[in-house]
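Labels run A, B, C and D following the written order; every chain starts at residue 1.
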């Protein structure tokens, strides 16, 4: 009987994949090998919540608000100007974009793009995972729940997954002078 | 055998009474402030009473044990009435004594509480301490609106003038922390959404350690702060220094190049250095980093080696800390350290 | 104590096998579970008032920002809740009839020393399914179902979603908890009715129905208190 | 007057009658019988054994924590593992060991002590056990999967909220807490009803054995305290769970972090007495046996139990003295916290008076009782220090409190529990635990315990906060921490030896016989281990120590059916025979209901839909459970009610 119950519970709990609960403090490059986006970021609760914290720490809110968009484009919708693939989002965050997105990876892809410091690589990956979770592209069981502030949007783990569409940036999105 | 147990335990109780040769930088029984001192007095009263009670009860048990062994196994369902009455009186007496003692203790506690709350607050200095996971933001307020430019922020280190009452306004930006400097006063929780405050007066100079006393996550253990009580003059000197912006470094000097590294690495995103464009509020203010004897919320001494280790691999020292690892080229690291060490 | 032939005895075989109310362990179990539930509801109400006390009290319930136009005082609509609570109160006399009739059924059987009507000597045999009991339970069941439907529509009538603020979360859990109580009771009544319809109302079943009735009174009572707090408290403060 | 008829002697229940009873009350053979058993002896012991397994698991975690703290900046565990370990340790000891083990002792002993055949609601008892077992498995499976809760056993928001505890760790905690409290609550209902309605004729309220009294009072405390933690943990889960996301504790949306602390401590302080009172019941049962006299001050003891229960609900705020509270309020709670010393003092004094008036026999159980005096008093008295607001704000949340609570819970509850294990083991198994080993176990446990926890007083006074995974060499805490670590291993060795002894004695221990200690309460009036039906013919009672008072003329109850599970129900106050009560037979439904209930709690962690689905499943199982079965007819005669046999004297 005990064995049977144990089996039932292991089955249920196994849905909580171990790596989802891993807390990777000393994570990723330069200490680790190649980036395992799925395991280490997209489905990892700790990485996603760190991404959420960095999102406000690095003032992404300033332009994108809580994902609803403002000066910058909204992140909660299905539209992606430069592609929704992790590598593409990573590239956008690292090198910036011409229409006002600053570069967080140390060097810009083109002159005229504002460079604000160098966010360590694994933190950029955490941001990527979180930004994608804003449009429901992360595991619901790992995405952050509601935060302890005024609610401006449904929690990430309740966001219906959007099917990404690559749409060129509208002309009216321009670099804020 | 139980008398042995009793003596063993009693010996330990005495050890407790005597055992106060603890570390003097953070000890409840080595008060350096008026409140800690009053609590200390109350502490001894309570402890003396408790040890006395303990010894008496254990003695009673021990005596019963040695004098009432033999005799028949025939169970006694109706013990002789006279003896029972005697015991009844004894028990009633003990209970009465207990009630009186407790009442005394209650009064003593209430009086002490009142005296702790009524700390004379003339010429009070106000310091706002904000708990973060896992460090302390310390802001010296200026009551006078004209003097606002004199308000400044530092971290994990609080200087106070000896003999003057200081009002601490406590708040938290994330989870519950608790502000505690044992030598000076008991703890006060910092609860998000609730403003709390505590008044402290150090009566002798010295460096006293405090530590977060409410579990707050991975690095709760390494969330320390230091309170330096110093004579008024020294304190004013320190204030004057802290109010200055970071000193300019000579152009082309290694410090200057280090500043460049700082501004284009991740440091600038989280830390503030007044007088530069670095204005991040996520991490501790570094304007006068080099003037602080310890870094990493009191975990490491502020030496070049420690600083280097802390910048490159903080998680080796404090796993889970918010500070990210910064893989820097050796050259960049050296000039960065030069710069940080110049922030006196 | 070893049993020896010399021991005097108490012959239990002549004691009744079925009694009702406070004499039975089942009654105690019922009362204790009611106590547990009462504590739960009381603590939930205490939380409600605790949060109210800590909130800027000129604006309770908290203003509703994300509607257009914003509602400054989103008090719950009275209609459905009032109808529902009146409905629940109306079931009490009905249930009381069933309750009383079951008591009489029990006592009749007890007088005949029979546990079931079918076991009673023919002639003075009490009805297997007293009409009052059957129709009464049916009526309470129906009204209970209606009350559940009404309650379901009371949630939107609160004018605030459970995940908007703490006040909303609390009123939703108050109504939700009570919804669960009613649901449990309705199912219980259905089961007892089914049993009675399939077989007969013996002492055993009569006892069960009486206990269910008592739980039903409790549920209605709690419902009235919750109604007062959820619907009227925000209006009077 | 003797109501029973001397002219009408009882026939010695012959083997046929006993065999019939055994057939009626024994559980079905095989796994099915093992699952569906409703015998209070099976389930009570099962609670006790399971609880000891969890004690072992929690203890292993504690040893690991002590290893980490043995040296400054230890490397045995990282902060992540350490936080999971100390949280699981605390949760295990409070929810999965201390309360269930007392409940198990109650379920086993109460029916024997009041002289009946089983607990009142056997199926409910079975359901409760499986809820408890599943909750425990839930916690440890999660821990093994690196999903152990890591926010501390009192789980303060906002740290335990969705914003600062990502992932499923806290969800597992809050759900398992609610699940295990269901089991505790049904156990409480069980024990109260049994003690109130199934007592032997003549066992009026003023003759109820003190252990039964403590279990009754404890159960009432459970009834009022446990809903608080179920409610608060459910609110926490609701705040966190996907698709629910309520705001009970969200400061920014009108919630309050202190609401959690109030609700939690409203449960968690009474919890301490819920653990401690049954322990006092063990003492009040064991001391008379080994002092060969009836307990001193029975009425005072009962009243102080009740007083403790009442005051116990008025002191929860002394866990919150460091939070912003008005000084007056603090004064009130200080007063209450000091006041609770009075009833506890009365108990201690009465026991000492009993020792003075008796002829003490120091066997292993008594040894542990004396250990209790030495250890618990330290904890109780350091509690007096903690009751003072001013002192509390200094030592609150430091290792001083760790020392205090372990002196109270180990000294006050585990020592009496070990005494009880040595005392009742013969009743459970029919064989004795080794007396000489007993002394070794005692001294290992006693010395190890003091070595581990006494230095923690100093560490706390020297500023070491609790729940730190490391400390610096310059803080000067290493010496005492090392001592504590060594002590923890000595303590562990002692307990290990006890387990080995228990295992060995089950087979090879000296045979005990019905009453090895010459004790006075009813459980010793039947064989060891007791037959499935407990008593061949139900006993009656003339005083507080029925076995001591029996001169062979105490009446017994005859005439209960032997072919169905029938017991005698008596009146609440003076336990006059009232009616015959037919108990439900074994059934698999409670197990299925427990499985479905656990399903709700586990499923909710992943999807809200688990609630409706699980509820329907549970509902069906419960309908199956309560669907009246067509049982054989009880025999009927014209009624008459024999009066209570009188103890003579009163």
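The working rule: contacts are C-beta pairs under 8 Å (C-beta built on N, C-alpha and C of every residue); 3 or more make two chains touch, one makes a residue touch a chain.
All values derive from a computational prediction rather than experimental measurement.
With centres taken as mean C-alpha coordinates, the chain found closest to the middle of all protein C-alpha atoms is D. Highest C-beta contact pair count among chain pairs: B-D. Centre-to-centre separation of subunit A and subunit D, using mean CA positions: 48 Å. Here the CA centre of subunit B is 37 Å from the CA centre of subunit D. Subunit D has its Cα centroid 31 Å from the Cα centroid of subunit C.
In subunit D, the positions touching at least two other chains are 80, 158, 164, 245, 247, 250-253, 256.
Counting partners per residue, subunit B has 192, 218, 319-320 as the residues that reach two or more other chains. Along subunit A, residues 23, 25, 146, 148, 151 each make contact with two or more other chains.
Those residues of subunit D that touch subunit C in the complex are listed here as 2-6, 8-13, 120-121, 124, 185, 188-189, 192-194, 196-198, 201, 223-224, 226-228, 230-231, 235, 238, 244-250, 253-256, 259, 262-263, 266, 525, 536-540, 546-547, 550, 552-560, 568-569, 571-572, 577-582, 619, 623, 626-628, 633-642, 645.
Residue ranges on subunit D touching subunit A, taken from their complex, read 31, 34-35, 80, 130, 133-134, 137-138, 141-142, 145-147, 158, 161-164, 166-169, 239-243, 245, 247, 250-253, 595, 598, 602-603, 605-606.
For subunit A in complex with subunit D, the touching residues are 1-2, 5-6, 8-10, 12-16, 18, 20-23, 25, 45-46, 48-49, 140-142, 144-151, 154-155, 157-158.
Subunit B contributes residues 1-2, 5-6, 8-9, 12-13, 15-16, 19-20, 22-23, 25-29, 36, 38-39, 42-43, 46-47, 49-51, 53-54, 57-58, 60-61, 64-65, 68-79, 83-84, 87-88, 90-91, 94-95, 98-99, 102, 105-106, 109-110, 112-114, 116-117, 133, 174-176, 178, 180, 182, 185-189, 191-194, 196, 209, 211-222, 299, 319-320 to its touches with subunit D in the complex.
Considering their complex, residues 1, 3-19, 22-25, 28-29, 32-33, 35-36, 39-40, 43-44, 47, 50-51, 54-55, 62, 113-115, 119, 162-170, 172-173, 187, 191, 195, 204-205, 208 of subunit C touch subunit D.
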